[in-house]
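Quick heads-up: structures coming right below.
Shared chain: chain A. Partners: chain B in the first complex, chain C in the second.
Let's turn to the complex of A and B:
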């Protein structure tokens, strides 16, 4: 197990930083590693280093929690699988004009993950080969998780949209769309 | 020849959920694919942040019906990890039983649809009748055929009395011969082999590049199973083989699923034998502190991963999950390339697509 820790530490050192990795072991002995990079752009060399360890990109979580917002930042957590050990590498981005490099050249499956985070949050993924909407209709305003949107619009559901219009008309607060 | 583009939807693809494909064809050969998702997007990741951790158990179980137990059990594992809750040993076995029952039903449903697509009506009926043994078992134990409502934070909210344990053991005995026979039919019947062998091939390297998981990866020779790689619950005490094939075709993926269903029967029997007496849920539920964690499980379609961030309140600060189908869709570009347009439904079915899970 220490072997994985040493290899990850050595790999991430290639980014030019010496990241502090917190390792946790659960009751079954399954390891998870947690680290933060000093600069968002370092995610690219970090990903390159992890692919050298036969790492797999499990998923990417973008988020904007209240505590991060109070610090004036937003965060993205990249979750990598290393043969059963999960390493989460977190970066911070500014609230305005957030940009992050695409990992699609390194991990093909970053494609959908990055398309999805671009439609949910106000984050630009630079160098993405196909930055179209993934799930949300293009008529919906961008950064859906950062603004108030009627649920029926968000899900683009015809039945629930009809219900929403009926409720709004009855309440008299808004004209039916 | 100038390529033509056609749009295929759930009706043409024999899907029970909406997913649309733009398929580029040269003659009747597939040369390109674009997957158009989002038709059953329900804003679930938004909804979970508007509900407390307890309400989310119920909501997440309704994400999808075929892997409905995997979502609440993995979510509960994440909450338990942040709060340091120790799940009683008996509950770990009861969770494994619920997961394996769902796995058998899910795999048989996929194999049944495969028979339906290749025009084997009698086989379709036969597989669905065998699956009905599992559906009735779920009804008897959990009171439901799909959503089991088995999980709670700290353990499970169902119990197997000696009578129910004996019943479950008998039902597993009933499954053995039919599952052996199905494996024989799906791997040796000439009419099935001619439609499935060498079709929709995903070579091992491409499987790795596209990061596919579950039976799709194992059908291409990647022996990755979360139950072995990152053991959780009772799986560190249970014996089972990770089924793999090397041909990466439609036949290989069906073969993996049928062997996994056989292994699941064995796993349930082991659980019934080894499960200790005791509590099925932790006594005291502490307040959930601020923290972040990862929880993983092997859902019927492969690795399911949950990321949970909490802030000390009873609402999640962020809850994100990535389902196994998420990567498997993209790999269809490799599987479909060079295949005939008439084989598209069969190849799409072979990834056992879960659309409600994908869109969320």
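Let's turn to the complex of A and C:
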């Protein structure tokens, strides 16, 4: 186990800074590592270093929490798997004009994760080989998750309102069941 | 399943599926109509085609996302007239749980004419077959230039073929409803509304938006909502907004001051007090204020 810790520490220090990794172990001995990088751009060398350990990218989570927003930042968590040990590497990005390098050339599965987070958040992924929309149509403004909260305010339930007006008009005269 | 009379002179009608952003639940049920013998569409004189140009009947699943809208309309346009369109599942009919999303542009009938609706989430294969049977009748009428036959009087629930208590039409018992509106609150599909009217509180459940999740039944404190075994909900488009279950809980005057109030359902008394008694019977027809006066107001401590 210590072996993994040492190897990850050595690998991540190749990024040029000595990262602080917190290791936790549960009752069954499953080890998880948690680490924050000082600079968002360091995720690229970090990912390259983890490839050297035969690490794999599980998924990428972009999020914007209230507490982070109050600090003026947003975060992305990259979840790596190192032969059963999960390592979560978190980076902080500014709220506006956030840019982060693409990992798609290193981990193919980052492709869709990065395309998705680009349309859901105001984050630019630089160097992505295919930065098309993933789910949302081109006609929909990007950063949907930032713009559309609260959801009900944005839609105003317009479709529901129109349909229910018809339901009540057409069935209002029916005898009660 | 009562199969349509097999007329050997009629060629098989070709069905073409369009997935308009479906979660694939309905598509899985459609797959059973191609692979499971007892639900096979060939029994009702149809077969599936991969080519819109060969199709006679179009089956649409999904809420029509913005993303696929143009592709859907293009594929639909390639189907030659006369064509009959069947909306399979509540999503194409009303948007279902996806209604009001920024990425959804349905219901489908905003963009193309729908003839038959098969609500459900997903509908049972039997219901899909019933919808396709209806579409076949409409297609023949349209081809022959005659009025479509009247709707078959009674659906034919296939006893024993349907497991009970899931994916059936919800039923509502107004006598047990206390108007707490929990069902409206938890309804995943936004299928329940309460309206305060002059004479009472009106409950409306629109089956074209119900996703069979059963949350209303689960959370109803008095058992006013129940799942039935009635799966046959396929209907023609002109019935779309009529497919409701309604009930009115009439207001009754307070026996003290005469103010209108929603009477207490016996089911609620059973839940709250495990029954009723003379004292409860006397107090239950009173408004809050009169009840306080009559139950504790007279007694001085």
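Here is the rule we go by: the second predicted complex is superposed on the first by the 148 of 177 C-alpha atoms of A that agree within 3 Å, B and C clash if a C-alpha of one lies under 4 Å from a C-alpha of the other, contacts with A are read in each partner's own complex, and residues count from 1 in each chain.
Note that in this section a residue touches a chain if its C-beta (ideal position, glycine included) is under 8 Å from a C-beta of that chain, and two chains touch if they have at least 3 such contacts.
Source: prediction; values computed, not measured.
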{"item": "Touching partner for A:77 - first (chain B), second (chain C), both, neither", "value": "first"}
{"item": "Which superposed partner A:27 touches (first chain B, second chain C, both, neither)", "value": "first"}
{"item": "Which of chain B and chain C A:122 touches, first, second, both or neither", "value": "neither"}
{"item": "Which superposed partner A:114 touches (first chain B, second chain C, both, neither)", "value": "neither"}
{"item": "Which of chain B and chain C A:59 touches, first, second, both or neither", "value": "first"}
{"item": "Which superposed partner A:166 touches (first chain B, second chain C, both, neither)", "value": "second"}
{"item": "Most chain A residues touched (candidates chain B, chain C)", "value": "B"}
{"item": "Contacts of A:135 with chain B and chain C, given as first, second, both or neither", "value": "both"}
{"item": "Contacts on chain A seen with chain B and repeated with chain C across the two complexes", "value": "135-137, 144, 154-155, 157"}
{"item": "Of all residues in chain A, those that touch chain C in their complex", "value": "135-137, 139-140, 144, 148, 152, 154-155, 157-160, 163-164, 166-171, 174, 176-177"}
{"item": "In the complex, chain C residues that touch chain A", "value": "65-67, 69, 94-95, 99-104, 106-107, 172, 174, 190, 193, 195, 202, 204, 206, 209, 241-242, 244-248"}
{"item": "Complex contact set, residues of chain B against chain A", "value": "37-38, 41-43, 45-46, 81, 86, 208-211, 226, 228-232, 236, 292-294, 296, 303, 305, 307, 309, 311, 317-318, 320, 322, 326-327, 329-330, 359-360"}
{"item": "Interface residues, chain A side, partner chain B - complex", "value": "26-30, 32, 34, 56-59, 61, 63, 65-67, 77, 79, 81, 83-86, 88, 107-109, 111-113, 120, 133-137, 144-145, 151, 154-157"}
